[in-house]
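Below is one structure. I have some questions about it.
When the chains are written out, they are named A, B, C, D, E and F in that same order, and each has its own residue count from 1.
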Amino acid sequence: MSMVDISGKDVVYREAVAEGVIRLKPETIKRILEGRVEKGDVFTVSRVAAIAAVKRTPDLLPLCHNIPITHVGVEFRVIGDDRILARVSVKTTARTGVEMEALVGVSVALLNIWDMVKKYEKDGSGQYLDTFIEYVRVVYKRKGGIE
Amino acid sequence: MSMVDISGKDVVYREAVAEGVIRLKPETIKRILEGRVEKGDVFTVSRVAAIAAVKRTPDLLPLCHNIPITHVGVEFRVIGDDRILARVSVKTTARTGVEMEALVGVSVALLNIWDMVKKYEKDGSGQYLDTFIEYVRVVYKRKGGIE
Amino acid sequence: MSMVDISGKDVVYREAVAEGVIRLKPETIKRILEGRVEKGDVFTVSRVAAIAAVKRTPDLLPLCHNIPITHVGVEFRVIGDDRILARVSVKTTARTGVEMEALVGVSVALLNIWDMVKKYEKDGSGQYLDTFIEYVRVVYKRKGGIE
Amino acid sequence: MSMVDISGKDVVYREAVAEGVIRLKPETIKRILEGRVEKGDVFTVSRVAAIAAVKRTPDLLPLCHNIPITHVGVEFRVIGDDRILARVSVKTTARTGVEMEALVGVSVALLNIWDMVKKYEKDGSGQYLDTFIEYVRVVYKRKGGIE
Amino acid sequence: MSMVDISGKDVVYREAVAEGVIRLKPETIKRILEGRVEKGDVFTVSRVAAIAAVKRTPDLLPLCHNIPITHVGVEFRVIGDDRILARVSVKTTARTGVEMEALVGVSVALLNIWDMVKKYEKDGSGQYLDTFIEYVRVVYKRKGGIE
Amino acid sequence: MSMVDISGKDVVYREAVAEGVIRLKPETIKRILEGRVEKGDVFTVSRVAAIAAVKRTPDLLPLCHNIPITHVGVEFRVIGDDRILARVSVKTTARTGVEMEALVGVSVALLNIWDMVKKYEKDGSGQYLDTFIEYVRVVYKRKGGIE
């Protein structure tokens, strides 16, 4: 086992976009949209958490290389009345791609949403019957081309 | 916005179990089971990554409290020919629960599997058509009782 | 040189409050209040940064002990037309006080405000003539008593 | 909200210098100068803390980019009988400036001084009446030119 | 005291190899080789720990520069019946060498082996009479040349 | 593989002491003692590095538990004309021992000495012929008793 040797690879522009969905109770979605979540502004805090996590990817995934990230973008969209989609785009000019960084960003964005609305999602015995992350996937990755 | 005040809560035994599934190509699953993944032993590395991530939860989720973790367990199970399930259990004796820690552990376990098999999952143009995290959820959480 | 030995100290409730002020251009303050800062919601992001920094105090100050933080609160107030005051309160039940944690929180809150409005504060040659942190101080610390 | 996109910026030499002042009791300043601080050599420990903090800036300020730091210098000067000035210079060859890194270095240098002399600054009831950080500011930043 | 100024140094290919040896009881070595260590696969976990530690070198050694690591390799060899040798190679293309990174990797690899076999090495009163790290050294470092 | 379950263990006072030796050129030892090392005060910086590393042990050794450290002490002694001994003592009141923390502290103390005197230890072709860590071991560990 070892960290892949990227010494011989080209330093080129690279970007990746990943996305994922969390399912919540419709009442919780309403709370988020109306700014009635006690822990604060769910989308802003989750954006911050996602950006910070992207930068910490080589700390979380042991075989990932540490590279300079030149951009992280995070967007949220409410889907129907019980889902939130998070989309994270990451850019770099480096010897390796950034899809794992984008996936880490999406995962942490969704987990942070969960953390902030725990109170409204738990049932009487503290269980989460309605809450789950539905999927996390790479939308696309790209290498080279205009920056 | 603030970190919830848990100063007045009881220091009691708490545990939580979370799980999630990643879908991979059947050939990749075979590679993992036969130990033919170039980057190394996928399950062991992913266990290490998950345990380390559980301990770093308060660094990843800004509003999570830092608490002493007394146990982390990580298990993997292959489902059918194209899915791997990761299950993470976390224990503590503290003022707050550990479901977020378990969810972080599951997410990082699945992302680390992805990171180690990227090479076999990408198509000719570098895209991931078959790979995604299917779900991440809390199985249960428990508070008090015998340790 | 060594880390003070707190092995014999009592595990008691402790809290500390610190505050500090940053001076900015009146136009920048207006931008913040009207939500016209390109980098996003200055107060929310700075709150997140402060809370995360409080938890990382033993990583930043080599002789600080790692203790479980039970609460962090962060507040901002605009003073006059060119100043923002940040106030951070920290609670714990531990063997040592948390004034350094509160001071770290205030400092990072103010530095993060600066980071988000750099663009509007720099002059034509990239210098900061109007921007500075005016002071950072401990408001009070308390030990024992009702939690 | 997002991390500014610096993908298209030039990789050039950049440097920044920041400074700040902490006010302490004259007796404490004397202790520091005479090497009678129980916790150890205040200036050396604070230098180490500042250099380490500069490298961790992108962990502390969520929207800061991670870039390779090529130099950090830290200097202290006693002013009058009750003030210490800390000055931090940071260099890089990267796509973005380093004034936030220099400001983080100064803030942590001053906070670490405070941490090491807490015992001599607190009054009988544990309050800090004489201690505070007086200011933190950018001295200058520079881009391009000879390295 | 300051971090050495490497602003003027060339960005060239560099590599370093370090190694070290831990002495354990022959029974413990047998356990490791036969996969009977309760805590798991000692070599794989130690490899992961070493790779992660290499990346965190600038966090551990205050005066080390943060540079992009392009490769980390970790190998173990059993010597006689009571010794394990760990060898770590590190590559980069940067302004400074990576021998400290390789030494950190070796040290953490050996310490992690120790951590995983503590139970079998301790005597009845919890002391380690047979266990120690015998040496840690740089095998060679190299600069420039073909990557 | 999993993190040992310490949920049922007693929260008691525990301490551990570890030590290790680095061999350097006699001229380098003289430089250190006479304060002529360009990078600064070797013993103070290495003490800081060791204390910081002790607190980060659960980040470095994946299966180590995160526990509150109540004391870290670091001492150095020159042996003969070409050796430095580092001794680190760690205390806690927790569910598990701290010998790994003490060993991490010693290793990082010795590695940091190395980092600060690299310049004087390398030969003309950049190799380290005289420098190595001679040993690292646990002196003793203790559990319970008076704090």
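Quick note on the criterion: a contact is a pair of C-beta atoms (placed from the backbone, for glycine too) under 8 Å apart; a residue touches a chain by one contact, two chains touch by 3 or more.
It should be emphasised that the depicted structure is a prediction, and the values quoted were computed from it without experimental measurement.
**Student:** Touching both chain A and chain E, which chains are there?
**Tutor:** Chains in contact with chain A as well as chain E: B, D.
**Student:** When contacts are scored as defined above, which chain pair ends up with more C-beta pairs, A-B or A-C?
**Tutor:** A-B
**Student:** With centres defined as the mean C-alpha position, give me the chain B-chain F separation in Å.
**Tutor:** Averaging C-alpha atoms per chain gives centres 32 Å apart.
**Student:** Measuring centre to centre with CA averages, how many angstrom lie between chain C and chain E?
**Tutor:** Each chain reduced to its C-alpha mean, chain C and chain E end up 38 Å apart.
**Student:** Provide the C-alpha centroid distance between chain C and chain D, rounded to the nearest whole angstrom.
**Tutor:** 15
**Student:** Counting only residues that touch at least two other chains, what does the list for chain C look like?
**Tutor:** 1-2, 4, 40-41, 44-45, 47-49, 52, 56, 59, 62-63, 66, 68
**Student:** Who touches whom among the chains?
**Tutor:** Final set of chain pairs in contact is A-B, A-C, A-D, A-E, B-C, B-E, B-F, C-D, C-F, D-E, D-F, E-F.
**Student:** Quick check: in the complex, which residue numbers of chain D touch chain E?
**Tutor:** My answer: residues 13, 44, 47-48, 51-52, 55-56, 66, 68-74, 91-93, 147.
**Student:** Please output the residues of chain A touching chain C within their complex, sorted ascending.
**Tutor:** Chain A residues touching chain C: 40-41, 44-45, 47-49, 52.
**Student:** Looking at the complex, which residues from chain F come into contact with chain E?
**Tutor:** Touching chain E: residues 1-2, 4, 20, 39-41, 45, 48-49, 52-53, 56, 59-64, 97, 99-100, 103-104, 107-108, 111-112, 114-116, 118, 126-128, 131-138, 140-141, 143 of chain F.
**Student:** Which residues of chain D touch chain A in the complex?
**Tutor:** Chain D reaches chain A through residues 1-8, 58-59, 62-63, 65-68, 94-95.
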